[in-house]
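The same subunit A turns up in both complexes below, where it pairs with subunit B and then with subunit C.
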Partner chain A sequence: MAEYTLKVRRYQPESGEGPYWEEFQVDLDPSLSVLDGILQAKDRDDGSLAVRCSCRAAICGSCGMKVNGSSTLGCKTMLGEAHEAANRRREADAAPPRGSDEQPPPGSANGSAANPIVVEPMGNMPVIKDLITDMESTHWEKIRRVTPWLLPHGNPPEREYVVEPESMIDITQSMACIQCGACVSSCLSMEADPGFIGPAALAKAYRFVGDPRDAETKERLHDLAHDPHGIYDCTHCFSCIDACPKGVAPMDQIMRLRRKAGEEGIEDPNNGHNHEAAFIKIIEKKGTLDEALLLQESYAPGVKGKLKPTKSAIKGLLGSIPTVIRAFKTGKARSLSKLIPGVHPKLPDGAQDEVKAIYAHAEEHREEFNLYIKGEEDVEPEPDEREVETA
Partner chain B sequence: MKLAYWPGCVSRGFTSELHGSMALVAERLGIELVELDRANCCGAGVIAEHNQELADTLNARTFALAQETGLAMMNICSTCQGAQSECQQRLDADSSYRAHINEVLSGQGLAYEKGKDGFTNKNFLWVLVEDYGLDQLAAKVQRPLSGLRVGPFYGCYVVRPKERLGYDEFPERDLYLEKVIEALGGEVVEYDGARKCCGFPVITMNRETSLRQSGTHVGDAIDAGADCLVTPCPLCHLNLDMQQPEAAKVVNRDLGLAVLHLPQLVGLALGYEPKQLGMSKHIASTGLVEERLAGVPA
Partner chain C sequence: MPSHDVLVIGAGLAGQRAALAAAKQGVSVGILSKVHPVRSHSNAAQGGINAALNPGDSWESHAFDTVKGSDYLGDQDAIEVMTREAPEEILHLEHLGVTFHRNEEGRLGTRAFGGASAARTYYVADITGQAIMHVLYEQLMKHSEAVARYEEWFCTALALDEQGECCGAVTRNVADGSMELFEAKSVILACGGNGQVWKPTTNALICTGDGIAMAYRAGAKLMDMEMIQYHPTTLAGKGFLITEGARGEGAHLLNAKGERFMERYAPNKMELASRDVVSRAEQTEIDEGRGFPDGTVALDITVVPKKRIHEALREIVLVGRDFAGVDITREPIHIKPGNHYTMGGIKTDVDGRTDIPGLYAAGETACVSVHGGNRLGANSLLDTLIFGRRSGVDAAGRAKRLEGSRPSQAVLEAEQATVDAILAREKGSGRRVSEIKLELGTTMDKHVAVFRDEAGIQEALETVRRLAEEAKSAYVDDHGRVFNQDLLAAIELGYMLDNAVCTCVAALERKESRGAQYRTDFPERNDEEWLKHIDLQRGDDGPEISYSEVTMTQWEPQERTY
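On to the complex of A and B.
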């Protein structure tokens, strides 16, 4: 048993007051969860402390919350590890969470003064009460937005669909989602653009895009690529990968959607496909990035040959001009290679040919090594396991 | 200390002041850098998004070139770190996949070998704290950054995903910028955006989202009293510094906060002048930083 201080961000709408912090002392084993701590505080100190939970075993996905600023499940975060995380930088004191106007006061755990474990409702969602958020507008509505059901060919078969097991492996990772909303809570794109369809819904979209029984693959991809808040609105911050308690890695599923959209040759008004195609072509030709050429080609591919930039592309290109002028003025972009697309040098001494050879090989080879499915080999057995083996 | 050095593309492009200041700083720290001038772009996640095998092969080539030197590898770009670590994780996970990739490299007389000579690829920030040592760094300081209030800005690719980026072994990697700032005599400014996204990856796809992110973080740092930000990522630098006047329009407020590359901040403490470190090339004025340090003799 150890004593921990939970510092909980509370909000009671019926009081008419704004949110406030309240500390609770709990006395539990370090291997028990933050949710267990909250339930003990609710039981012993204040029955009005509101939290949503059910299975307490990371299966139902009800207790999404932020612990020390990280989005997670309360039942999957151990008190001991949360305490350690809260105190990793004791001497300088971690920043108070957004919205708090004081430094976390010293609490007590294991008999010594320590930072409390900070517990907050999920982010990017309206708070209903204490740790309970409204997931309707920020999660469920977006899930419905991606048509989360199978759209098969023709009439359903008389009995079950029969597919090769191998063809379903690719989507098992996205199927592991328990709809807890931790990824939505952590999403940094959604923080800047609440309209972003978001990690949970896009991972769900891949679950059907990758399903061999679905007949609307191209339509789904076209829809998600064309939406300004779709697959090209993900800013690649990895937050959802760290937040997900089930290893779904939603960002990886979004990248798979982009890959499939590219393979289908879907052009989009967001310059997503153009940007990707330009980037890849430039590295094949130059080995390192020709920034001037990337800027031009992302907006207006083939400007030297057949000029067919879209209206939004012209706007984007014009919009970048003030930035380039400023960079010219300070000397940041005063060399020819930074101003004129295509001047950037190739890699030296035959190295560019080596890169080209890799590209040539890759045209025929597109193996996707999925660690979620294949796992790591060559893992040395733990010492105690080794003893068991030899015994 | 001698390291195989991958500067990345942007440090020799739009942020050439980064590459230049790294060279100066390495010299004064006594770190010898063997530049991998035949190595290729890491793909910044974009190539992997298109064809994972292509990205893995390109980065295996870079690792193989580094391994030829027999030295540990260092990069100066969070994005290179993240993109390369992602490929390295797949390559290291499975010997048959590694053999498959090495088949392509064998035509070029190259091979990537897992763990060869204890091979590592680390950002300059990680090298400073884990290998060079903060005490040794502090001992080299000629102009303590006293009175300079610095906000750290990490860049997503060196803080997430934790499992891939070695946080099991080094759990404090997301606190290193604070440690370095303190070792150089500066004052750490805590603000909301230190470990958030600068928005750069979507600048050509959703300019509004992108600039709202950079503008918000710069604004938060100003409100917290920062004199400047420091970042180990040149792509973050582009969105936080080069795009700052545009970001100011999106968040509808005055900004104007210097954003230093990590080697520039170290360089100032080692006694180099701002101009030598290329700070005059920045878009956001570094005047306040220079003013704060004017009273401290080099």
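On to the complex of A and C.
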């Protein structure tokens, strides 16, 4: 047992008052969850403290919230761990240190009122009451936006659809989504563009795009690519991957959608697909990056691209000129010869052949890794957790 | 007044399947749930769903395993219906988009499960319930024109007309606290089980036996209420579930001496004997001092190849890591039997009909009975889908045939008055709802668990009756309208207490040991006197007992060994 302080951001819609902070003291084992803490406060001190919750085991997706500023599930964040995080946050906030006697108290295992665990409702969503947010307008509406049901063609077969076993494992990662909204809460793109379809709905979209039984793959990809709030609206910040309690890695699913869109010949407004292809080709040829070549190849790939450059290629290349000039001005690019394509040397002493061998190997062993294939990273159990287990 | 031909209360697998099936018949359907549908507890079904679909397997074999698993208390006509229709249901789900595991040929692949004579469990890693439920919800979104969804609406009572037929329900919109009377020609209860009556339990906080209690209050018969399953592998303290799939994949059970103790209890099936058998074996090891000091035995999953663990048991890797601090790929995890499933419930026929016309029940809320004294793993998802569908079809048929009658406003007014009375209780006038709930849970887990006897059950019943009195004055802190969860908890407590009384009365009545009911004072199964269902109906002084025959078709009771 240990004492913890939960500092909860509250809002009682019928009170006529704005949001406010309230601290609750709870007395629980460090291996119990922040949700357990909230429920103890609700049971003992104030039954009006509102929180959605049901399974307590990170399966139902009800208790999305922010703990110490991070979007997560309340039931999946342990009190001990959250208290340590609160201490770290406080220490970081207190830097640079002033006098030694004014140092914030170091984190102690038995908790202290000085370092409360901060609990808030999820972000990017209107708050209804305390920790309860309106997911309908911010989450479910967007899920429905991606036509979230299977669209097979023709009548179903007499028995099951016969599909590659790997394809089912691949989309099971998206199926693992419990619709908790933690990724939506953490999404930086959505903060900038509330219209962004967002990580959860796009991960859901991949569940159909990656499903060999679905017959509208092309239409889905065009739809998601041409929507200005679609797959190219993601800024690749990884927040959703950090926040997801189920390892769905929504951003990875968005990148898969982009890759498939590229393979489909859909033009990427950020030119990301061509840029990636150019990058891969240059490294295969030279081993290190020929930056002069990269720019051209990204916009006007190959001889054909240069003889007959598209409008967007010309626009892109011209648009890059100020960036190049700035690079020279600030000293990021130093040598003029770097501007001449083809001058960049290959790796010496047969090293280039080794790079090519790596490419060949990767091509032969092409596999979309996900958690159902490679598992979680191996984490050594913490020694103190061991003690709890045997106690 | 919202009005539908068919109103489904509860939106887990049974409810969603019922709503979709009813809508397919062309009637108007409403589905109402106290939580958002995807939060429903069907999510937690990890291991899979049974069907005799492989060449060489047969529904008869599946049916016999189920009959034997039920300790011959299951109704064999209902079991036949369920097992015969299972293969078609699996294919239907696959066609809708469930991402079932495939074998190397790309066809549906199976895993082994407890109490089964063949590997016939179809699965999606260890998130089978979640995967199926989210796909059904996809279909509900697709068919939103035909099925109106009332998400986060709480049901407080059923409405009956003057002929005693069910014609609607009283509900509270959780978001704004408004009370609404729904009109419906057929009402289907699909509210799940009552696991929260016990503490700890694998069940979610929402599993408070609402449907069972509402039907009981309306006068419907309940059946087999003493049959409460304790799952063999739950985490000590927190009660979280470790799927039977782990043992299906080959994991061992070990006592503190490192012995595979199932050799002594079920030498043929070992860890894959029926759940009641495995739970009793574990509890015996623990009670006789061969368990660990924390009152557990160990589940050793390290014998399963690591690659297979990641592919097929990933959820359990997460549960071990997040909730027990154990890496299950490297070391055994401590487990014990824990409350898991309500085999009993509202008595229905194979079309979900209760003995109140117009009222249907399906899934864990109902007792058809296909599980009898003990449910086999991976039969619960099947139960929800088969009988959810059948209820939906029959309820739609009834709605098409009948005019229906309007529910009386008096029911709504009475419910509003009840709610107002709860809100008016002064702070300090009684105990807190949470205190009463805690005492209820620990009492039931102590006395009405794996091993039972008369003195213990009697003590539990007396405690429950006292708690029911105390609940009448239990106060709430929240007096508002928006998301007043405090009020809902007080109503749920009432539901749980009704469930608890019924379970105690039935457990006291059944003076034998069968399935999940093991009476240390009557340790033998007694077919002569007790091969029958115990039915309960609400009377003036609590539940009144009657009996009904177990339906036998082709399987005579035999001694049950594994």
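Everything that follows uses one rule, which is that the second predicted complex is superposed on the first by the 243 of 391 C-alpha atoms of A that agree within 3 Å, B and C clash if a C-alpha of one lies under 4 Å from a C-alpha of the other, contacts with A are read in each partner's own complex, and residues count from 1 in each chain.
Everything that follows uses one rule, which is that a contact is a pair of C-beta atoms (placed from the backbone, for glycine too) under 8 Å apart; a residue touches a chain by one contact, two chains touch by 3 or more.
Please read these numbers as outputs of a predicted model, since none were measured by experiment.
> Applying the document's definition of touch, where does A:P30 land relative to subunit B and subunit C: first, second, both, or neither?
A:P30: touches no partner chain.
> Taking the superposition on A as described, I'd like to know which of subunit B and subunit C A:W149 touches: first, second, both or neither.
The second partner, subunit C, only.
> Tell me which partner A:D211 touches in the superposition: subunit B (first), subunit C (second), both or neither.
second
> If we overlay the two complexes on their shared chain A, which of subunit B and subunit C does A:G80 touch? Say first, second, both or neither.
A:G80 contacts neither subunit B nor subunit C.
> Contact-wise, after the overlay, does A:P19 reach subunit B, subunit C, both or neither (first, second, both, neither)?
neither
> For A:T330, is the partner it touches subunit B (first), subunit C (second), both, or none of the two (neither)?
first
> Output check: A:I59 vs subunit B and subunit C. Expected answer is one of first, second, both, neither. What do you get?
Only subunit C is touched by A:I59; subunit B is not.
> Where on subunit A do subunit B and subunit C both make contact?
Residues 371, 374-376, 378, which sit in both footprints.
> Which stretch or stretches of subunit A touch subunit B in the complex?
88-89, 92, 94-95, 98, 188-189, 191-193, 196, 228, 232-239, 241-242, 249, 255, 258-259, 262, 270-272, 275-276, 279-280, 283, 287-289, 291, 295, 298-299, 316, 319, 322-323, 326-327, 330-333, 337-338, 344, 347-349, 351, 354-355, 357-359, 361-362, 365-369, 371, 374-378
> Please output the residues of subunit B touching subunit A within their complex, sorted ascending.
Of all residues in subunit B, those touching subunit A are 9-10, 12-17, 37-41, 43-54, 56-58, 61, 82, 89-90, 92-95, 97, 100, 104-105, 107-108, 114, 156-157, 159-162, 171-172, 175, 178, 182, 188, 190-192, 194, 196-197, 199, 201-202, 204-210, 212-213, 216, 242-243, 245-246, 280-283.
> Under the stated contact criterion, what part of subunit C meets subunit A in this complex?
Residues in contact with subunit A: 35-36, 38-41, 43-44, 91, 94-97, 99-109, 124-125, 127, 130-131, 134-135, 138-139, 141-142, 151, 175, 204-206, 238, 240-241, 306-307, 309-311, 314-315, 317-319, 321-327, 329, 334, 432-435, 476-478, 480-486, 489.
> Along subunit A, where are the residues that touch subunit C in the complex?
12-14, 31, 42-44, 46-48, 50-62, 76, 78, 128-129, 132, 135-136, 143-144, 148-150, 152, 156, 159-165, 168-169, 171-172, 175-179, 207-208, 211, 213-214, 246-247, 371-376, 378-379, 381-382, 385-386, 388-389
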